[in-house]
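Look at the two complexes coming up: subunit A is in both, with subunit B in one and subunit C in the other.
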Partner chain A sequence: MKITQQSTENTLILSLDGELDASSSVLLDTELTKPEVLNYQKVLINCQRLNYISSAGLGVFISHLQQFQDADVKLIFFNMQEKVHNVFEILGLDALMTIVPSEAEATAI
Partner chain B sequence: MPFLQKLKPAILALTVLSWLALLISTLLHTDAAMATRFGVLPDWVTLAAQATFAVGVFMYQRERPHPLRGTDFVGLLRRLLLGPGLLAAAGLGLHLLERLLQPATAASNPAFFAVAYTINVGLFVVFVAYTTYTWRSLVFFRASPTIRSNWLWFELLLGGTLLLRLLNWPLPAPLAYGMVGALAVFGIYLSSNQKWVAYLNRRQKWEAGFLQLSLLLCLTVGATYFLRIAQDPLLVAPKPQAAFLLLMAGLAAFYALMALLVTLFNLPTAGIFEQKREEILSLQRLSQLIQKGQDEQEVYDMLFDAAVETVEADAAWLDVDGEGREPVLSKSLNLRTEDISAIRSLLADYNLGHIEYLNNDLPNSSGFRDLDLRLGSLIVMPLRSAKRQYGSLYMLKEQTQGFDRENLGILQTFTTQTVLSIENLHLMASSLQNERVQEELKIASSVQDSLIPKNLPIDDWFEIGSHAAAAKEVGGDFYDFLHLPGKRLAILIGDVSGKGITAAFHMAQMKGIFHALMQENPLAKDDREKFPVPSKFMSMANRALTHCLEKSSFITAALYIIDYEHGGFVFARAGHCHTLYYHSIKEEVSYFHTAGLGLGIIRNDSYEKHIKNQFYDYNPGDVMVIYTDGIVEARGADQEEYGEDRLKQMLERNYYLEANEIKQQILHDLNEFSAGQPMHDDQTLLVIKFKTAQPEILS
Partner chain C sequence: MKNAIRISCNRSNLKVVRDFVSTYLAAYSLSDLHLNQIVLAVDEVVANLIIHANSEDDTQHLDLRLNVDNQVFGIEIEDDSKSSYTPSSYREPDLHEHIRTGKKGGVGMALVNRIMDRVEFSTTGAHNVCRLYKKIA
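For the complex of A and B:
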């Protein structure tokens, strides 16, 4: 799992590369726990190279969900692969989280 | 040489015979009376007898087994001295004394003289042969093959020289000197290759030196005897014989002297060898003791005692790194605690407390001078493994230049051994702990197993086949059944995120929630409200879980309430895998795609908005497959997932079978798909087949 980040004034883009499982989700959790993350208006997650997400990986997003809502930070996923999207959908997360097809749409929100 | 071995009795007989011949010829030569009666044998008979005897004795000694037993060098020398040595010295010495005290002119018994002389010659030759082959044993001790082959040349040269002398073949003077010189050089060379001396301790070296000196004295007695007897008017032996015996005595004395010198020169090294020996022995002792050490303290104590003894430290202490940052003093010798702290902080100032450090000139460093401890040398030896530091050992001596590199080496070996033992103890402790945990896991596993229903509900209206397997000892998957009044059956299936113990706890909790919520509500106004509908159940469960599920955990579940009186069911899916269904009327397999959020994701009342009920009227022959994600996410050889599509195809092919057979077919296909792959997640699979109505209801 490789996480690269890229930020503008009010947007933070995290690009996930590889499989987000129990061990690699710790990395992501560290990134999302950083206090400065809540200073952005939007946190975009680029899922183009995310091949797999385990329940532990989902747990990381779920555990930060409330915090993001409280701080009025929008969490937006884009470029999600079909099978990863399926996992979000089965769990019902698509109703809670913003998942859009492309980066353009993500930034437009 | 087996051939020579076989000849041994013959050699012995020949030797005895030749000695008798020698005796007779000497008697005839010396005793005039006998000579007149029997005549005089020619000189060559005497010389030939002498040569045969000498060769025989040497050959006999040569073929005897090596007299050295183990490393009992002193015993070997003692046997040589007390046996043939003393005998020869006594015989020769007594006769020499008799000859010296007796006036030359006085009348003497020539027969007695001849017999004594011949006996002495025999004793002396035997003694020299015995000495030579004892010496061979010593030279051969741990000797290289080169030395062994050189020995043969030495024997040939020695034998040749002696026999030439005896047979009185005139050699040109330079050649004769050359041969004797070569023998001397050979002797020095062989002496310099004696390794046995190094194996003696100081006391044994003194003893060996004394024994060698005594042997030298015996040989000197021999040399003196033959020197004196050669001029004795009574002796009418051939001159070459006397020269032969003298040369033999001379060479033997020379070699004995060389061996004595070797021993003497080795005396000063005895201390060093003994110290090394002591070091090796204490290392051996240490490693044996350490293995017996029951706890860390015992092992450290052994290390400390062994180290102090071996390097002969005047003062010492051992620090063991405790839990905190400060080292804990484990043991000390001849040092006050405040001195130790002072030295410790001094070393810490130079960052020397935890590295291998040797200082042989402490008074030269101002810090130590100020402490005024009258200590001259210091070794710091850390106890360290690849992973961590266990402490440090400090050895001190009063004199400067007190320690050497070898001390450092030996301490290093000690500490390595100690660290190994300590780590062994740790490993043993942790493996015990591990065993206990394993045992507890086994119990947990059996407890969890008891939570999974063993007796599946049986009724004529449906069949159920079930399968559950945990990836670890305990798992997070669960399913349960509950009969509700009015021919209704509640089926719960679910999956706690994560695996192992935490998941198992939540799974047990979920089972408790299921049974608690599925109680009849006595206040309900009508039958429908007596039991919560699935969506209501889910939001109640969500509320119940809010406070006990950690933030990043969630649970997916699906609750089905089958009303087999009315031939329908209602279910709610809380983030759980989609239900796979075979519709017998349409002859079609599909998934129920309903919305529904997992439990524990939203932890407030807004959850209700995210969960829906789905009603369906089933027909006989319909098949419902419910499962956890361990089934569809099982990986194949190329890391591909089993997937919903494969599962669907399996049902399309097998819907007509009985529930249990359908389950078997699916599992068979799944196992084939993921053969050789580790099981990543718990797997649960339930197959429910609805059957035709009972005849009695129809009637």
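For the complex of A and C:
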């Protein structure tokens, strides 16, 4: 798993590259735990190169969501592959998280 | 086609297991989505066995054996951990509660149960076997 960061004044984009499982999700958790993440208005997760996600990866997002909401930070996923989106759907997480098709739509929210 | 592997209880072997299942099922022309679901279910059970049942003890191992019989994919996962999983302890996760409390774990078995057609756990003495089945055609 490789995580690349880009940021503007209000937006942090994390691009995930690889597979997010019980081994690699620790890296993502470390990134989302950094206090400065909560200074942005939006955190966008670019899932274009995210080829796999297990419950451990989902758990990282689940565990940070309330903190994001409390800090008024929007967490938005975009460019998600169908097979990864399907894992969110199986649990019903697609209804609880903001997932949009493109970066343009993510930026417009 | 290789249909059995033994792995040590290290979470770095999760990728090895996913590749093993994907390679084995490549001959069956499953859709990307269907294949990913089966790989995920296996990954979830193996992760639980490595992390929870065997406490990531590298000296312990899991034996995995795959087969397809009458268009049903089956996998047996065996280990000798003292703490075996009891399916009767399973509770459907309340995602709102998980979000509210910032809970990281506890949704893996929900994925397994929703994806696979049959999920069985049995223990004989100190030997545990998990069997998962899914129709693939």
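In the analysis below, the second predicted complex is superposed on the first by the 109 of 109 C-alpha atoms of A that agree within 3 Å, B and C clash if a C-alpha of one lies under 4 Å from a C-alpha of the other, contacts with A are read in each partner's own complex, and residues count from 1 in each chain.
Assume a residue touches a chain if its C-beta (ideal position, glycine included) is under 8 Å from a C-beta of that chain, and two chains touch if they have at least 3 such contacts.
A quick note: this is a predicted structure, and the numbers were derived from the prediction, not measured.
J.: After aligning the two structures on subunit A, examine subunit B and subunit C and state clash or fit.
T.: On the shared subunit A, the partners clash.
J.: By the touch definition at the top of the document, which applies to A:G59: first (subunit B), second (subunit C), both, or neither?
T.: both
J.: Quick one: is A:V100 in contact with subunit B, with subunit C, with both, or with neither? Answer first, second, both or neither.
T.: neither
J.: Would you sort A:I3 into first (subunit B), second (subunit C), both or neither based on which partner it touches?
T.: Once the two structures are laid over each other on A, A:I3 reaches no partner at all.
J.: Which partner does A:S23 reach: the first (subunit B), the second (subunit C), both, or neither?
T.: In the superposition, A:S23 touches subunit C alone.
J.: If we overlay the two complexes on their shared chain A, which of subunit B and subunit C does A:I90 touch? Say first, second, both or neither.
T.: Both partners, subunit B and subunit C.
J.: Quick check for you: in the superposed arrangement, does A:E82 touch first (subunit B), second (subunit C), both or neither?
T.: A:E82 sits against subunit C, while subunit B stays out of touch.
J.: Does subunit C touch more residues of subunit A than subunit B does, or is it the other way round?
T.: C
J.: Clash-wise, after the superposition, say which stretch of subunit B runs into subunit C: 420-428, 564-572 or 672-680.
T.: Between subunit B and subunit C, the clashing stretch is 672-680.
J.: Which positions of subunit A sit in both the subunit B and the subunit C interface?
T.: Correct list for subunit A: 22, 29, 55-56, 58-60, 62-63, 65-66, 83, 90-93, 96.
J.: If you look only at subunit B, which of its residues touch subunit A in the complex?
T.: 495, 497-498, 551-554, 556, 574-578, 595-598, 600-603, 610, 629, 641
J.: Hey, which residues of subunit C end up touching subunit A in the complex?
T.: 11-12, 14-15, 18, 32-33, 36-37, 39-40, 43-44, 47, 50-51, 93, 95-96, 98-108, 110-111, 114-115
J.: Please give the residue numbers of subunit A that touch subunit C in the complex, ascending.
T.: Interface residues on subunit A, with respect to subunit C: 19, 21-23, 29, 52, 54-56, 58-60, 62-67, 82-83, 86-87, 90-93, 96.
J.: Within the complex, which stretch of subunit A touches subunit B?
T.: Touching subunit B: residues 22, 29, 55-56, 58-60, 62-63, 65-66, 83, 90-93, 95-96 of subunit A.
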